[in-house]
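Here the chain labels run A, B, C and D in written order, and each chain numbers its own residues starting at 1.
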Amino acid sequence: MNAPIPRILLTGFDPFGGESINPSWEAVRALHGRRIGGHRIVALQLPTEFAGSLRMLKAAVREQAPAILLGVGQAGGRRQLSIERVAINLQDARIPDNAGVQPVDEPVIAGGPAAYFSTLPIKAMLAALHAQGLPAEISNSAGTYVCNHIAYAMLHLAAKRRGMRAGFIHIPYLPVQAAQRHGSASMALADVVRCLEIALRTAIATPVDRRLGAGALD
Amino acid sequence: MNAPIPRILLTGFDPFGGESINPSWEAVRALHGRRIGGHRIVALQLPTEFAGSLRMLKAAVREQAPAILLGVGQAGGRRQLSIERVAINLQDARIPDNAGVQPVDEPVIAGGPAAYFSTLPIKAMLAALHAQGLPAEISNSAGTYVCNHIAYAMLHLAAKRRGMRAGFIHIPYLPVQAAQRHGSASMALADVVRCLEIALRTAIATPVDRRLGAGALD
Amino acid sequence: MNAPIPRILLTGFDPFGGESINPSWEAVRALHGRRIGGHRIVALQLPTEFAGSLRMLKAAVREQAPAILLGVGQAGGRRQLSIERVAINLQDARIPDNAGVQPVDEPVIAGGPAAYFSTLPIKAMLAALHAQGLPAEISNSAGTYVCNHIAYAMLHLAAKRRGMRAGFIHIPYLPVQAAQRHGSASMALADVVRCLEIALRTAIATPVDRRLGAGALD
Amino acid sequence: MNAPIPRILLTGFDPFGGESINPSWEAVRALHGRRIGGHRIVALQLPTEFAGSLRMLKAAVREQAPAILLGVGQAGGRRQLSIERVAINLQDARIPDNAGVQPVDEPVIAGGPAAYFSTLPIKAMLAALHAQGLPAEISNSAGTYVCNHIAYAMLHLAAKRRGMRAGFIHIPYLPVQAAQRHGSASMALADVVRCLEIALRTAIATPVDRRLGAGALD
């Protein structure tokens, strides 16, 4: 009998903030079912809701027991793919989530540590993207909305489960969204999908991250 | 005997400012020879040189006698395709051009008017791009370097030649360039090419521009 | 009998776009009556209205016959004092003016030239501000709203009146405005007033501008 | 015998990155010796060095036993005063520090938690600044250079010392610095000093922070 193929759980979100699409789900679903570096990708759409997304994430992690957990979210206004370095134990919502809830200064996980660092090889992923001519950067904040919430939750789950690594990537608007927003930056869907594929391949091939400078002065 | 097919002269520039490619030439050459709305596109690479580009432009206009003149140039840092509304009679070079010349506060054409407005239907072009979900904006300054120089020169030539219309479009970095510049916005080549094609089709189909608001407060 | 003291007509605008103050008027009125380089400053508040501002400007120019006309306007979001190089013969209003009028693609002066360059010594003014440690830049677009409208009108009036020079300066939000707008840049009122004073002194002392590079690539 | 006056240890940095001044030290030293809300301010200049700043900070905390520790640092390019919410246990230096050391992906304190949240009332401080018309924002990243290093170290020290609270504030360039950097935002020194004074008064008067939304979507 064969060993089961290890899973990658790749999550995107449904639209929020008045948008009719969310580029994170568009990119993530394009990779659903894809086999990559000996792993099978399972794409999952989370609701842009604090409570609902956490509930669904936990159930999926239990069911899939993935080797890699990668969350993807829309960061409207960013100009490049942003590989998040850290997630913080905090909810501070500028707008209500899709369930109408707007927490202020509440923890993601009561009693959890203040933050978790990504356990994916973010510097190796950055280097691999740049080597392929794809625009990406390391980000030191995933915000305080549902994206950071899920990024923190993923890393919290990964901290308790040996062999599971986790991380989060923010992506710009799609061109079709930027066409409705005077002056916004965007990134083509095909390029985002290619970035995610390269990032995942690199994560699989890199158990220990490289030490490459990618700091921010402030 | 058939009438000759009217021409579109579509210009891009060679790389400058330490770049190894110029997205304007990459986009423009992809359209060379293409037949569009009953016109034939002739792509021309201009040098990023004040004097050299003007000389080459004049010769090409004489030879091709195009119905439409569209200049395209790189605007590193811009986030969307920028349809230029106006070009001014001024050279003020922040860096030397590719011939090492760096004019300060000199006219493009001695004795020419202070500025020309684009004679392409910029509002109709903008609306057509937005309708296709492509991010674009009207710009009220083409700068004071070689791009504005050529934009002005094209409009000056068009002012003297009945039946020739002219305009200029600035485009962002390509993703491969943004990958080397921390935080820069970019636009996929295929999307830029599609934008130019739509812009040209719209120009051909629109003898008189639509009146659509696209103003800047400052 | 003494010769009359030559006048500087210095204009600001009333608040618009939902603001309760306009920094241009705050700065300009602080200089009203001041004597500077042998000239007397007359401050004038213009309404943020296309038609009304032009009418009031013309009357004031007739009455004061100023040697120097300097318009000042708010450019919310800009980070430094912006000395405008050029004004264009175009109205394209993104929002209605304070009289509820919203012109699209209409000229400021029917039959006027496409643009006028500032006739104040913008490079000498820039150099003087930098020498005093004040943040300023040359701008190549005053937009397409009431500021550009008045800038163009001033230069049009100056073109017809020997001995009158004109120009326009855009200024950032005040700190008190930025406090209500997440992330906006601002500039302290005292620094803006000092900038205007230095700019005017330099204009008086500099009949012919210096040739200093301050170009924009795009 | 009188009880000793409680101390506020207020730190700034020396210049780095080619600058000849550091606005954080200019602002901080203006408050040295000032008595505020029953506390005495002690200003301290730290070197922009990872090791050196930490050594000096520890010695000063031991000596002064302050009730409040507030670090201030330059964030060139930011447009408003930034009250930092969190500091992370990471050094990733984009440029060498003033001792020539450039750590990559090393912890501030080996074995320390991933992050600390500020223990000053950041939302109350924000509200007090806005109420005074001063432009300020909450920031969710203090970067990965010496500022974040000191912010983390302060919070680490505060975590072990009952009754000591700590936090960090980033400030924009001064106008004199922005005058040398095309397009940079800045903030007047007097306004920065006033902000720091209000922030400290609010910290003293607010043992438990208010719950006010000031979140970031990403």
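The definition used in the following text is that a residue touches a chain if its C-beta (ideal position, glycine included) is under 8 Å from a C-beta of that chain, and two chains touch if they have at least 3 such contacts.
Keep in mind that this is a model prediction, so the values were computed, not measured.
Chains that count as touching both chain B and chain C, per the definition above, do not exist in this structure. Greatest Cα centroid separation from chain A: this falls to C.
As a whole-number value, the distance joining the C-alpha centres of chain A and chain B reads 38 Å.
Distance between chain centres (mean CA atoms), chain B to chain D: 47 Å. Chain C and chain D, compared by their mean Cα positions, are separated by 38 Å.
If the chains shown are joined wherever they touch, the resulting network closes on itself as one ring, and no chain has more or fewer than two partners. Interchain contacts (touch definition given at top) occur between A-B, A-D, B-C, C-D.
The touching residues of chain A, counted against chain D in their complex, run 17, 73-78, 82, 85-86, 88, 90-95, 102, 104-105, 113-117, 123, 140-145, 147, 170, 209, 211-218.
Contact residues of chain A toward chain B in the complex are 79-80, 129-130, 132-137, 175-176, 178-180, 182-188, 190-191.
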